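Each in structure tokens, the structures are laid out below.
In what comes next, chain A is part of two complexes: it sits with chain B in the first one and with chain C in the second one.
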Partner chain A sequence: MLDKLALLGFGPEGWGWALLQGAGITISIALATLPFGLALGLVVALGKRSDKVLLRGLATAYTTVFRGVPELLTLYIIYFGIQIVLQELWRALGLPGSFSIPPFGAGMVALGVVLAAFSSEVWVGALNSIQKGQREAAAALGLSKGQAFRLVVLPQLIRVALPGLGNNWMVLLKETSLVSVITLPDIMFITTRANVVTKEPFLFFGAAMLIYLFFSLISARTIDRLERRANRGFAAFGGATR
Partner chain B sequence: MNWCEYPGWFLGSEVLQNYGCRMASGLWITVELVFFSVLLGFILAFGIAVARLYGPRWAAVLVNGYTTFFRGTPLLCQLFLVYYGLGQFRLFWQDVGLWWFFRDPFYCALLTFTVNTAAYQAEILRGAIQSIPRGQFEGALSLGLHRWATLRLVIMPQAMILALRPLGNELIVMIKSSAVASLVTLFDLMGATRLAFARSFDLSIYLYAALIYLVLVEIIRRVWDRVEIRLSRHMALR
Partner chain C sequence: MKGFVRFVAAAALTLAGATGALAQAKEWKEIRIGTEGAYPPYNNLNAKKELEGFEIDYGNLLCEKMKVKCTWVVQDWDGIIPALQANKYDVILAGMNATEERKKRVDFTAVYSKTPIWAIGPKATKSDDISPATLKGKSVGTQGSTIHANYLEKFYKDSDIRLYPTQEEANLDLLNGRLDYIVADALALSDFLRGKGKDCCRKIAEVKRDDAIHGAGVAGAVRKSDTELKDMISKAIAETMADGSHKKLEDKWFKYD
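Moving on to the complex of A and B:
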């Protein structure tokens, strides 16, 4: 068994570097998706709270759809869907050859729209927790609606939303494993290929598990730190809010 | 014409008509897989949560390790580890007479999903039990109830109402996550859809599959809402 561990090392037979690269891809697609997904989620949340019926309906439909459809299916639809649309466009423009989108982009969009659906629920909850008086006071001070949101509401929002958003991040991190099916060379993709070459599935998928576990534990600690930092002005209520 | 060809015929979709029957049997596999894994997972989770809360110290440490491990890694990776990884030890399984189990993608998926959802459900149950006020335990004890009787008659009925909503969410998450079973050659709804797409190159089949999943999830969500309202009708807040 011990001699097989060399397969995980950095020697000529080892998959160490490939695994590290895979881990890098996993973490970078998660990090690249995060701002996009959270921002879109906030927009959807604002849509849900809008006083326009159409906007509300659209936002609700959006979350219902993307929270109800399996992530894997969303990924396929977006990956193949964008591909087909772009190819039609390519042909319509009369350009030579064909066009294919990079899997990283497709993965980012798919994971992002799902993240947006889930994070919008967190944003709505957080928005509801901010009292009306805050906006009214901002208006009384002569701040515009946009300014009131950016300067008064948003800073308070982050603190309340952080635990939920942290949860969303943990889910996202694990969901990135799905992008391996659209040939993005993340941890799962690398270990699957290593399995095909070396016929040592237990070793490699076990290693993949440990890498994911490592990322999860680091994330949990970081989120904990961020929450503590966000709550530093609320020491007296620390026990109750957590 | 089989009944499962009608939706495709009715909607005028050739691909749905051709693969309707495969998708119907795929849907059945998805439902079976999720139903049994969530049910078995719940039983397992109950034991785990009780061991974590009332068991000896080493049991709590063990349970924490278990939940951290299964909640901190992707389901896809766990599934591959079980199906390909454990399948690697074929000679051993043949010796102990379990090869029929680890050879079959359905059983592997069932095993993986069960231990995975058990980890999540155990955390839900633990949280629910912990949020029952201490006085409830003390009251039951002062009435002379045994610890097990306290748990069964006083704590669990209250804790289950709190746990109902997150457990419903977990069921929905499992329906969606079960799609990864298609990646270990299982022809569940997702697997049947992938096959249909690979043969027809008609993207609309994915949209039909999405619609089926969506309807399934919505039905469960609504039924669950009803159940929750019914079960908590004695509570003042509703």
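Moving on to the complex of A and C:
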């Protein structure tokens, strides 16, 4: 038993260091994707509520496609498909050398566009919860549309959207396990490699599970704190808003 | 707008004409090699995240012979050909058999390895016969997107064929009693039968090679446009066969029981 645990350690035969680096990749791709995906999601949500038919159509098409297509496929399309297209373009233009999409960037974009599709629905729900009267009041005070959104709507939006967005984050954290297919050495990548060498799948799957659980626990606590902060002054609602 | 498009097209054509000749005579000074890193003893990662295995030693040997600088890229099996086509690396050395199906998409160098194919199963398996009739309704596992998967899908339609992302998972399911048979490379399987599968399982029979499906053997894969690279590598492979260095590496890495 103890010699098996040594496989998870930091000795010459131990995979501990490799696993830690894998965990680093996992958390950094998730953190890098988050702001990009949430911001794009908000833009899509605003598109969905626009009074312009074209914008509404585009936003709806976007969520339909990226919620419908499996993330693995999105990842393949961006990492391989777009790369091949860009490369042909590069060659057609006669540029020297070659063009390459880095795996980290491809993973970030692929996970980000999917996160945007899912989070846009949360944003739409939150936007709907803010009554029209508030915007009218802001307009009456002489605020421009942009100012009204930034100063009046956005701060309230965060409070309502947080539980849903927290959910999106947890899903994102797990979906990062797909990036091993595009050569990023994340937790799952290291785990499968360790399995074939050591023939100890349960040990390593177990370790991977604990790492993911650890990240989830930290996330849950952080989201909880953020929610409590966002809800201050709304004590009357109790748990109803959570 | 139209004027702009025409300008871009003209500029592109001029540039393409100017560099076209250059691209033709590309000299290979640096080669990027793609491998899976999850298929011992051909190629795998160790605890220090370094690549090791027959193909790693052999690939480096080939580069030495060709006097080029080589770098390795680790890519999951499922995307290994798309990544070659997307120019993430220049050649695949990953225990890949040169099959007719793959030849539609990539070109292969000379063959540098050929392993027997085995069927293994639980020790209690009574018959050593592995004809499709005997295996009817039985569960047979192997790694997906491999020659073994193609072979099973063609000849064992009445069996319950289960495909796994890596060979390791198929082995695990045999160990768990979820599979009646595994069909795969003798190398990978004898490794398993010496280790984890020692008590549960045994070799049932050797599978007869079908060249149309199994191909001529394991070879390097390159993009169809890279004929010079293909010839260069094939020449280096021939050299290693002639001077005995290939045999030396085979003896170092491959042990059959």
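Simple rule for what comes next: the second predicted complex is superposed on the first by the 240 of 242 C-alpha atoms of A that agree within 3 Å, B and C clash if a C-alpha of one lies under 4 Å from a C-alpha of the other, contacts with A are read in each partner's own complex, and residues count from 1 in each chain.
The rule is simple: contacts are C-beta pairs under 8 Å (C-beta built on N, C-alpha and C of every residue); 3 or more make two chains touch, one makes a residue touch a chain.
Remember, predicted model here, so these are calculated numbers, not experimental data.
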item	value
Superposed partners chain B and chain C on chain A - clash or fit	clash
Touched partner set for A:76, first chain B, second chain C, both or neither	both
Partner chain(s) touched by A:25 [first = chain B, second = chain C, both, neither]	neither
Contacts of A:87 with chain B and chain C, given as first, second, both or neither	second
Which superposed partner A:195 touches (first chain B, second chain C, both, neither)	both
Partner chain in contact with A:126 - chain B first, chain C second, else both or neither	neither
Which of chain B and chain C A:111 touches, first, second, both or neither	neither
Chain B versus chain C as contact partner of A:185, first or second or both or neither	second
Which superposed partner A:68 touches (first chain B, second chain C, both, neither)	first
Clash-bearing segment of chain C relative to chain B, given 167-175, 185-193 or 221-229	167-175
Touching both chain C and chain B, counted on chain A across the two superposed complexes	76, 80, 84, 180-181, 192, 195, 199, 201
Chain A - residues contacting chain B, complex	64-65, 67-74, 76-77, 80-81, 84, 170, 174-178, 180-181, 187-188, 191-192, 195, 199-202, 205-206, 208-209, 212-213, 216-217, 220
Sites on chain A touched by chain C in the complex	7, 12-15, 18, 21, 76, 79-80, 83-84, 87, 91-96, 98, 100, 180-183, 185, 189-190, 192-197, 199, 201
Residues of chain B that touch chain A when the two form their complex	68-69, 71-78, 80-81, 84-89, 172, 175-180, 182-183, 190, 193-194, 197, 203, 206-207, 209-210, 213-214, 217-218
Partner chain A, residues of chain C touching it in the complex	11-12, 14-20, 22-23, 37-40, 44-49, 73-76, 78-79, 82-83, 85-88, 165-168, 172, 195-196
